[in-house]
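Each of the two complexes below includes subunit A, the first together with subunit B, the second together with subunit C.
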Partner chain A sequence: MHNKVEDRIKNIMSAVFEISTGEINDESSPDTIESWDSLKHMNMVVALEEEFNVQFTDDNITELINMKLIKVVLLERLPADRL
Partner chain B sequence: MRELKYSEFLRLNKELGTNLKSNPYNITILSNITVHQIMEILEYPLRTEGLNANVEIGDYNNIVQDSKKYQDSNAVIVFWELSNIVDGLQFRIELFNNDQLDEIIEKTKSEIDLVLKNLGKTSLVLINKFTGLHFCSFNLGKNNLEKLADQLNQYLENKISVNVRLVELEKVITNVGLEESLDLRYYYSSKALYTVDFFKSYAEHVKPFIMSVNGKARKALIFDCDNTLWKGILGEDGFDNIEMSTRTKGGAIFSEIQAMALALNKQGILIGLCSKNNPEDVEGVIKTHPDMQLREKHITINKSNWSDKVSNLKEIAQELNIGLDSLVFVDDSSFEVNLIREHLPEITVLQVPERLYVYPKMLRENFGLFYNLSFTAEDRKKIDMYRQQVKRETVKKKFTDIEDYLASLELKITIHLDDESIVPRMSQMSQKTNQFNLTTKRYTEDNIKNFIENDASKAFTFSVTDKFGDSGVTGLCIINIDDDSKAADIDTLMMSCRIIGRNLEYAFIDYIIDVLKENKINNVKAKYIRTQKNEQVKEFYDNCSFSLIESTDTVRNYTLDISNYEPKQLNYIEVNIA
Partner chain C sequence: MYNPYIIGKQIYLRHPTEEDAKGKWHEWLSDENTAKFLDTGFWPNSKELQLDFYNSLHDDRTKLVLSIVLLSNDQHIGVISLSNINWMHRYATIGILIGEKNYNKGIYATEAYALILKIAFLRLNLLNVKATYCKANQNSGAILKLFKFKVAGIYENMMLIDGQQEDEVITYLDRQSWLKRNG
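And then the complex of A and B:
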C-alpha cells in the first residue's frame, strides 16, 4: 500500500541527498546517509512540503529523522484522497 | 523557473552542472544568516544560459573575514540581515539607549568599510540593501529598525564604487509577497529566514547583473508589426485603421509598447522589425503614420517581407553581426512563436499575451534581459554604427567589432598646447558642452586667456579629422600644475558630442599624461561633477586607471599615481602635435 507515496518520498530524498533511490530503505536516516546534515534536512522538509502540499509543524520537523517516520508523519497529514 | 519544484531544481541543476564544460564562474555568498538554499536556485538559471555558475556559501556570520578570503571570486553577494547584526536586534532595538544604538551603527559602518575595501578588486559585488520590512510592515510610521536600515543604506550608497551594485531587497520581497518570502520556523533555531520562493525571485532579480558582466546581455529587440506594434492588420485594415495612440482604447497599449521600445533604444538597444507585410506598406507607416513613435532613425533593421521568419531572423543576426542569442523577438502569433522557439532556440521569444493589458507588464518584466552594467556613450553611438553597417550592404568589408569600425575611419587628432589663436573656440566649447564634460565649468575668453598665460596651468585642445572630413577643434583639457609638489589637477576635460564614441578621449589622455610625465609630475588629481547631462562620463576616470578616492551623489574625486597609468595606446588613432 501507499507505494506511490513511498516512491515520491524516495525521489525527493534522492534529489536532496544526491543518492540513488535504490540506496533508500525504511531504515535510512542521518546515520546511514552521509549527506543528511541539518542543512540538507531543511532542504528535505521544504521539498517534501512542496511535493505533498502540506505544511509540517515544528514537532513534525524534528520527527522526520528516518524514512519510516517520514512515511508515518506524511500519512497522518495527508487526507485519504491525496494518497 | 517559478513553476519548478525545489526537488526538480536540485535534479536539473545537477544534470546541467555535469554537462557544462566551460570554466566555472564562481559566486560566493557572504551572509550573517543561513541562506544555503540559494545555491542551486541561483546556479540553475545561470547554467541554463550556458554560464557554468558555481555558488559557494561563506561561513555563517563571517562576512568581514570572508570578504578577504573570497575576494578573488568572480562575483560576491552579501546578505547582510539587519535583524541579526546583533542577535535579536528586531526586538532589542527599541530597548537600546542612544549610546548603544550609536555603537551598533559605528560597528556596522566600519564593517561595511572593511568589506568594501576587501572586495575593491572583485569584478562584481552585489550587496543587499538593509531592510526592516520583515518585522515592521504593520508599524505606523518608522520604528528604530527601519530608521537604522535607512541610515545604513545611505551610508552604503555613498561608499560604493563602480564594481558594487546594491540589490533592492524590498522589491524582491514585494514580488513574492512578505508572507511567502519568510519562513520563521527556522529563524529562531537556525537563523534561516527566507523561503525557496524568495530565493527564486532573488535569483531572477540579480541574474541581469551577472549576465551583463559575462557579456550575455541581449542587444536587439525585434518586433513583429501587426498586433504587436500596433492594433490591427496593416494589409487588411489599412493605414488609416491600425491603432497605436492613447486616444483609442485599442491603441493605448501599443502606444505604451512603442514608448518602451524607444526608451530601450535610447539606452543603446537596437530595435528591428520582422513582419510579414508588403515592405512599402510598413515603410509608409514608419515614415508618415501620425501615431507611430518608432521612426526610421530608431529602427536599425527592417525585414518586412514575405519570407519565413526563421530566415529573416537569421539574416538580422548576420547583418547586425551579433549572435542569435543576442536577439529578443516579440510576436503575437503562436505559429511564429513556436516556429522560432523550435528552430532558433537561442533567440528569446516573447509572445504578446492574449490578455492585452498584461502586454506592457510582460515587456517590462523582461527589461532585465538587456541590462547593461556600464552603459556608456559608446553604446548609443553603436546604434548609428550598426545602422551604417546595415546600409552599406554593398561594402564588402564586414566589421567584427567597434574597434575594426574605428580603425576603418582613419582617425587623426592634432593637439595644440596653449594656443592663443583658438581662445574663442575654447571658451565657446566650455559654454556649450554638456554631455562629455567632466566638471562643466563655464569660462569666458578672458578666463581661458588667463589659463594660457599662467605658467601654472596648461590648456590642451585637439582637432580631429577622419576619412569623411574635418570636425575641427572638439576637445579641451585644462590642467593646473603645482611644480613644487610635482602634482597636477585636471580642472576641465570635455569633448564635443559630435565626436563621442571614437575613443579619441583615450588618445588625448594618453598624450596629456605623457606631457605631465615629461614635466616630472608624480600625481594627478581629477574630478567628476555630476550634472543633468553628463552621466555618460561618470566612470571615465575609472576607465583611465585613476583610483576613486571619494564619491558622493554629485562629486567623484580621483587620484592617479602617474607611474601606475596604463596607456590605451590605440593604434588606430594617429596623434600629431601642432
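And then the complex of A and C:
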C-alpha cells in the first residue's frame, strides 16, 4: 500500500518538476533536482494536499524537503483506510 | 547561532545585526529581479541607506524585522517582517525577501513564513496578518495560498510592472483559522 502512496508522490513530483518518475528516489531534494525552485516547491506542496485530500500544518510544510520526508509526513497524515 | 528569536529546522530568525546591514542586504534590494515587486525596488539601495534602516528599527514597535539565518553555517540569507503593526486592532502586514539566490528553493522561505506566523499569533498575540501582492508575482501568490491566506479583494491595475498595469491582490490570515489548522 505504501508503494501506491510513493507512486502518487512520484507522479506529482514528476509533473511539477518536469522530470521522469525514474529520476526520483528517496534522496530527491532541491539539491538533486535542478528544476526545484521556490515556485515549484510551493506548487508541489499544494498539489500533494489536493492529491491526498489532506491539509498540512505549518510544521508539516517545513518538513517536506525531500522525497523520504514527504513520504513520512504523508503516511502520518493519511488515515489507514486511505493508504 | 547568535541571539536566536525563534529556531526552526533549517533556519533561525534573529534581530538583524549591524554586520547584516553592512553585508549583502543592501545589494539584495538593488537587484532588479529581487526587488521587482517591492515598493522600494525602483530606487538604488546603498550600505548607508541600509544602516539607516537598521538603526531605525531599534525604537520602532510598529515593525518587526528579522534576519533569516542558516542553522548550518550562520549565513544571513534574507529578511522577513511584520510591518505596520497595529497594536489596537492587532494586525500586521507580512513581507519576505530571500536575497541569496542559492537558497531560493522554497524550503527556506516556507520555513521562515511558518516561524513568523507562529510569532505573530502566539507571541505577539495578533489577530490578523495581512499581505498584498502583485498578481504577476507567482511566488508570492503561491506561498500565501500554501499558508491558507484568504483573498479579500483585488485592486485592478494598481501596479505598474515592466510597463504593464497589473492587479494587486489583498489577502489575510486570521488567528482562529491558523489555530484550527495548527492546533
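Just so we're on the same page, the second predicted complex is superposed on the first by the 82 of 83 C-alpha atoms of A that agree within 3 Å, B and C clash if a C-alpha of one lies under 4 Å from a C-alpha of the other, contacts with A are read in each partner's own complex, and residues count from 1 in each chain.
In the analysis below, a residue touches a chain if its C-beta (ideal position, glycine included) is under 8 Å from a C-beta of that chain, and two chains touch if they have at least 3 such contacts.
Just so you know, these numbers come straight off a predicted model, no measurement behind them.
Undergrad: Mind checking the superposed model to see whether subunit B and subunit C fit together on subunit A or clash?
TA: clash
Undergrad: Could you tell me if A:W36 is touching subunit B, subunit C, both of them or neither one (first, second, both, neither)?
TA: second
Undergrad: Output check: A:D26 vs subunit B and subunit C. Expected answer is one of first, second, both, neither. What do you get?
TA: neither
Undergrad: Which chain makes contact with more of the residues of subunit A, subunit B or else subunit C?
TA: The partner with more contacted residues on subunit A is C.
Undergrad: On the A-aligned overlay, A:D58 touches which partner chain: subunit B = first, subunit C = second, or both, or neither?
TA: both
Undergrad: Where does A:A47 make contact in the superposed view: on subunit B (first), on subunit C (second), on both, or on neither?
TA: first
Undergrad: Scan A:V16 for contacts with subunit B and subunit C and give back first, second, both or neither.
TA: A:V16 contacts subunit B only, not subunit C.
Undergrad: Name the stretch of subunit B, from among 41-49, 59-67, 221-229 or 383-391, that runs into subunit C once the two structures are superposed.
TA: Residues of subunit B that run into subunit C: 59-67.
Undergrad: Enumerate the residues of subunit A that count as touching subunit B in its complex and touching subunit C in the other.
TA: Common to the two interfaces on subunit A: residues 38-39, 42-43, 46, 58, 61.
Undergrad: In their complex, what parts of subunit A are in touch with subunit C?
TA: Answer in residue numbers: 30, 36-43, 45-46, 55, 57-59, 61-65.
Undergrad: Considering the complex alone, what residue numbers of subunit A touch subunit B?
TA: Interface residues on subunit A, with respect to subunit B: 11-12, 15-16, 18, 38-39, 42-43, 46-47, 50-51, 58, 61.
Undergrad: Sort out for me which residues of subunit C touch subunit A in the complex.
TA: The contact residues of subunit C facing subunit A are 8-10, 98, 104-107, 109-111, 113-114, 117-118, 138-139, 142-143, 145-148, 181-182.
Undergrad: Could you please specify the touching residues of subunit B with respect to subunit A in the complex?
TA: So the residues of subunit B touching subunit A come out as 5-8, 10-11, 14, 34, 36-37, 185-186, 190, 192, 195-196.
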